[in-house]
Amino acid sequence: MPNKFHAPLAIQALEAGKHVFCEKPPALHAGEVEQMMAAAGKAGKIVMFNFNNRARPESQAMMQYIAEGVVGTINSAQSQWIRRTGIPGFGGWFTNKELSGGGPVIDLLHMVDLALYFMGYPEPAHVLGQTFDDFITDSSFKGPWGIPDNKEGVTDVEAAAHGFVTFKTGQVLSIRNSWAEMNEREVVSVVFQGSRAGGKVERLFGIDGLDETAIDSCELYVQENGNSVNRSIVTEPCEDMGRIGSAANFAETIEGRAEPLNTPDQALKLMKIIDALYESAGSGAPVAL
Amino acid sequence: MPNKFHAPLAIQALEAGKHVFCEKPPALHAGEVEQMMAAAGKAGKIVMFNFNNRARPESQAMMQYIAEGVVGTINSAQSQWIRRTGIPGFGGWFTNKELSGGGPVIDLLHMVDLALYFMGYPEPAHVLGQTFDDFITDSSFKGPWGIPDNKEGVTDVEAAAHGFVTFKTGQVLSIRNSWAEMNEREVVSVVFQGSRAGGKVERLFGIDGLDETAIDSCELYVQENGNSVNRSIVTEPCEDMGRIGSAANFAETIEGRAEPLNTPDQALKLMKIIDALYESAGSGAPVAL
Amino acid sequence: MPNKFHAPLAIQALEAGKHVFCEKPPALHAGEVEQMMAAAGKAGKIVMFNFNNRARPESQAMMQYIAEGVVGTINSAQSQWIRRTGIPGFGGWFTNKELSGGGPVIDLLHMVDLALYFMGYPEPAHVLGQTFDDFITDSSFKGPWGIPDNKEGVTDVEAAAHGFVTFKTGQVLSIRNSWAEMNEREVVSVVFQGSRAGGKVERLFGIDGLDETAIDSCELYVQENGNSVNRSIVTEPCEDMGRIGSAANFAETIEGRAEPLNTPDQALKLMKIIDALYESAGSGAPVAL
Amino acid sequence: MPNKFHAPLAIQALEAGKHVFCEKPPALHAGEVEQMMAAAGKAGKIVMFNFNNRARPESQAMMQYIAEGVVGTINSAQSQWIRRTGIPGFGGWFTNKELSGGGPVIDLLHMVDLALYFMGYPEPAHVLGQTFDDFITDSSFKGPWGIPDNKEGVTDVEAAAHGFVTFKTGQVLSIRNSWAEMNEREVVSVVFQGSRAGGKVERLFGIDGLDETAIDSCELYVQENGNSVNRSIVTEPCEDMGRIGSAANFAETIEGRAEPLNTPDQALKLMKIIDALYESAGSGAPVAL
Amino acid sequence: MPNKFHAPLAIQALEAGKHVFCEKPPALHAGEVEQMMAAAGKAGKIVMFNFNNRARPESQAMMQYIAEGVVGTINSAQSQWIRRTGIPGFGGWFTNKELSGGGPVIDLLHMVDLALYFMGYPEPAHVLGQTFDDFITDSSFKGPWGIPDNKEGVTDVEAAAHGFVTFKTGQVLSIRNSWAEMNEREVVSVVFQGSRAGGKVERLFGIDGLDETAIDSCELYVQENGNSVNRSIVTEPCEDMGRIGSAANFAETIEGRAEPLNTPDQALKLMKIIDALYESAGSGAPVAL
Amino acid sequence: MPNKFHAPLAIQALEAGKHVFCEKPPALHAGEVEQMMAAAGKAGKIVMFNFNNRARPESQAMMQYIAEGVVGTINSAQSQWIRRTGIPGFGGWFTNKELSGGGPVIDLLHMVDLALYFMGYPEPAHVLGQTFDDFITDSSFKGPWGIPDNKEGVTDVEAAAHGFVTFKTGQVLSIRNSWAEMNEREVVSVVFQGSRAGGKVERLFGIDGLDETAIDSCELYVQENGNSVNRSIVTEPCEDMGRIGSAANFAETIEGRAEPLNTPDQALKLMKIIDALYESAGSGAPVAL
């Protein structure tokens, strides 16, 4: 279902008195998220988003270290979901900005969200970024799981994006999202440097783009007694990138048995950053938030 | 010799009618470079800078591909010289901003320069960045080749920096420089994504910080006949990171037998970007150039 | 179906007005191929052979480089399908020369064909070769996918063969085919050295003989700007060694929608080389073609 | 000292009553070896050749297995000394056929000799081969240890050679020697398949052409109790490729304390094969010996 | 079925005139094995035990070398089945000593048995050992294949054990068995040092505890002609650790078509060693057998 | 200097009023250590032993974790210094029990000492062990750094030893020391399992026995938040295995600037365990301490 329908359908469901579990991205832009939040508030219902990467064992393991203070303040982070040849088909709704809200920035927002989750979802200050559309109509850049092409379709989204976000806390985040870019290989990762420890949650692939060939890692970099120490955290295999766990968390949340893995406030901040990245790319100038 | 003396000594030598080969960084800030350029112009002498990483076989091999058009336009690049425990001693001139101009941003500017060299040294538009000073006085973060410590010394430079530069051409550059940061390992690299090919020039280490354990690579990422192709370029080993070649180029340049590997114009642009990165880190706001 | 029936059945089908897609080997010997060609000519029908390795993504990717002139003239090539313990069962038609035409030379002719395909199927000049029958009745050399044994069966084929072919063009081809030989591991490859580039298409195995453990590669070796460059071509995984693609090409060819991946002329040349290799092994002398 | 002087100087020394230890190759061609043998016979003195690769620990370890019957009869062997960019300089005596006798065939004959040594130096029957001269004047194919170039020099030798030898015993040998060829990497090896075991003696390089980066191996492939077994033989490191041991064997031989590692008869057979390979390459036809 | 029922059910079946194939461990203690042997003797029926690891291809390959004298006398062996987080559930019969006879010592006795099988099941002399129960109630140490927990259950078995056995022959055996211990990773192995050869049969895992990620090896360490030689024996993959082969051997044994892979005498010796290990751990003193 | 002279010379020096730094082993047996302690006490001087492996960066890094309580109680440890072909020459004092006190048990006692150091040098309770003398006169088992042989010399020490020690604390230690044994490769390590963490300090070799090819590691195995975590501790390279640091510690200790890295009490306990291991091997029975 095209992203364009996330907000209207969610609002309709909330108004009908349902709790809502909305597939990512939350909406086409931050304004729609605000409308969803208003509808949820009015209905007294919960709206959550399927940021399934937060539910991955690696993410949860890392989050526990962060919660325990092992990491300290995350000064800087780098979020990446960079594909080399991963356009999800041509002419469908994915590549039509009116229907999707954008290309890889909005489609592959998982690592941006995960980085922000690790960083404590701080208040953004400035965004500077750029998008590129090389290869966006080149069929040799289609991903192995791509949907059928539609020759009549509109293609007006970016193929790759690079951005940088500063926060009012002094923290910074680097963003790289791409469907089609001249990269060595696909990388799905959040890497960060904290005041006490650095870390990495990463998925690489045996064959780019195919989850069944996933090579996952979760690592912490610390300094102990004057020595550098690399900690490799062995988590259970989870090929589905947390999808089952994410849905389960919604179910448990509405039943009051768990804390929600994400909140509308966070979704709103995330979408504001995405909106600002697109705006900066469009204007060529930084955007203050 | 502290960086503070680069400009005055170079100017003195130029005024004495000598060609000058100045160790990097060019100077403490862009203003000094302009003075050096003026002195060189007046004296009719050449001033060059020891950006030795440009003279590495990997850099020259890559530059040839770029010159041939294999890479196309470099849309985006990431320059990194990130150390985990690489502070060059405590209390010496390196950590004294008045003497050095700054910490790793200015000390390890090589990869920023190399990225700009590959990108065609475009005109910068905006810089957004941040610096961090965690660990800058922590002795367990000293590099293995560090100089003796001076307990009386001043320490007022950054330990790590992150920044993002946009150019009037639409290109973007991501910067990471650090002496002490919670990184997995030391990485010295320029990675870029072009409109025809991506690439990487990288030095890793068997033991961080020791050049004799260098693991160098030079790679190109292209798309040929619908397939992704990774090209590994085998260059001759060069442990010294181009230092001999860089000095030789100066000698050959002043003898008129070679084109200079760098020009004062480039040094000026580089220093302006560095100045802007420090300014943005100080103000918390983007800097327009 | 034993190879002995390839020619008669194909001829019968051609005479019945059918296009024919014949499993490899084309026939027991070159004479039969000529009869098939005559029948096809008379019937005005197409006869093609299932040289499925030509349809592998690696082969097609390589062929495109060759067609583009990247490789230049292939001076020399080495074709290998060498098994360590890969006899396809004992006493069945595989090991009965009257039914099969021979052992691994004829059974595993794929890489010889692929090498010739890459080389432009030049006119052979001389063949010098030898066959060995050590281990051909030793049950510990049976392949993991082997057919049930028949104790009454005849076993009179070679276990391994080595040969060398010169062509009227000055090109040369080295051949190694074996079912049972004291090799390090199974290797299925064509390696070649051209006037502009060398290359390799190779299948190795995690467990010898089992296609589901295949480790495929496609590489080009070139010299660029004075440096050696190794290009690794990433093709889509294809466990079936091109079998589906090969059959599809036949279907598309008879429908006029594709060029045939192989021609009877090529099959004839291939069988002449195989005949000559057997003849040289029998006589101990070179054979002129 | 150019190969052209091996025979005359050796004969002069023999006539002067000296034992002679002659650098490889034995001579420019087989005829000269016969003259050296005659001179040695007349003088009652020993003439030996510096086939130093026979003295490598790997070769001696392998030879012991062969002597013990572990290998059985070597049916087939492949000798290779293939370089990618290893021309020993331009315009010196190495590339001048009159002075050197030829290019890599004669310069890198070590592995041919080693294979024959393992095979029992059987009586050759037929030789079919070809030489190629691509790249022989291309300076980017010079080896890292190359001698200074001489622009006035003659260059009329091959850059690469491929050949196949059959023996009266039914054994066969495949030969690949090159200085400059589009190979994946330099390989120095003898691989063989025996009636009881196969084996490999191999040198690869961390950096092609530099012995100090040698990666040596010595392996046996056997079948034991129905299982394939790979034996890795751990020999002492020997960067000099047996040069010291080879000279020591000469000294011990003339003192009567050791058996000679090689005999003139073997050198004669080797040179006859080399002569025939050149002849076949020249005529395009097989040569009977 | 809890181990407690092995002996009574086996005896009942034997008394009913059935041959018995009893899952490991043979019984709760040696006394029960003696009762089983008596019942079998009286009934004239066969009792065998499912020591399935003896039926693994690696074990059988190794046993053949031992039978041939390649190994000589095994002086010393180390048996290990050490898990890091492999408790088979909490509160079930596994962790209830009355029902199970003990924890990993008795549950994972396979490698002890395999070592004794290789050593020739010599007569034990002394046992010195210790058990530890750290982590035995810690749920984070449960294995990935663990059974459901029972909160009411008794937990009174060890989590890890270490022991040393001397034999009247002068041989020695080191034992390490654990379900939960601070080990690097799970290791299932027998390593031994013989008077002629050493060897190893080992299973490691891609993911600890999951047989489908097994990494098996079978190796021999010998000295040949003054060189160390490592032989890697390539056996067919066998994910099930010999379970099918072990059952088949029982069937073939009772039909008189095979020799039994194990005998009650061996099971008795094994249980005596286990009993003594528990006794030594309890008393803190060595136990003489 | 043969071990036989350690005690008499140390006592002489102590009596002469010197502090003494004695090479390992402390003496031929525990009785001598007691005499050395008495002499030191009487003289009021310090006697220390060169247990240089305690001064390795890896050992000190590990010891700090132990001191901080990260490891908890070490339940069990395995000390190994096992060589495959490492006899230090034939007929010299090393292999003469009267001069050396024994073979590898006493020569390679470093890892036993290091394990005890990590374990807190607990009070030993029982020792059960065995020695073997296969290969002790076989010249192909001499180490690469071996001393010249003496054909007249006595050889009456063990080639390999295996033992097991229980302590009054309930802790246990497994010992493997060998000069010549059919092992996969040389291993120098202490591995332990604690109540809170396990760990390993290990030296392997690129080429067995040559310190310049050392591959060192220092690792901790912990359980954090329900996940297994492997910590790799990066210490500075130290090819000399702590020899310089060990001597420096003696110098600093006698100057009162450091705590001694070892004490005579520890040396005494270590020698008692070694004496008991030899006694148990001789009698075939356990030894109570």
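Here the chain labels run A, B, C, D, E and F in written order, and each chain numbers its own residues starting at 1.
As a convention for this text, contacts are C-beta pairs under 8 Å (C-beta built on N, C-alpha and C of every residue); 3 or more make two chains touch, one makes a residue touch a chain.
Only a predicted model underlies this, so the values are computations on that prediction, with no experimental measurement involved.
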Most widely separated chain from chain B, with each centre as the mean of CA atoms: E
Centroid-based (C-alpha) most distant chain relative to chain C: F
Distance from the mean Cα position of chain D to that of chain A, given in whole angstrom: 61
For chain C paired with chain D, centre-to-centre distance based on mean C-alpha positions, whole Å: 32
Centroid distance [mean C-alpha coordinates] between chain E and chain D, Å: 54
Set of chain E residues in contact with two or more other chains: 208, 227-228, 230
Complex contacts: residues of chain C adjacent to chain D: 75-76, 84-85, 125-126, 128-130, 132, 134-135, 138-141, 160, 162-164, 166, 170-172, 174, 178, 181-184, 191, 193-200, 208, 219, 221-223, 226-228, 230, 284-286, 288
Residues of chain A touching chain F in the complex: 61, 64-65, 68, 224-225, 227-235
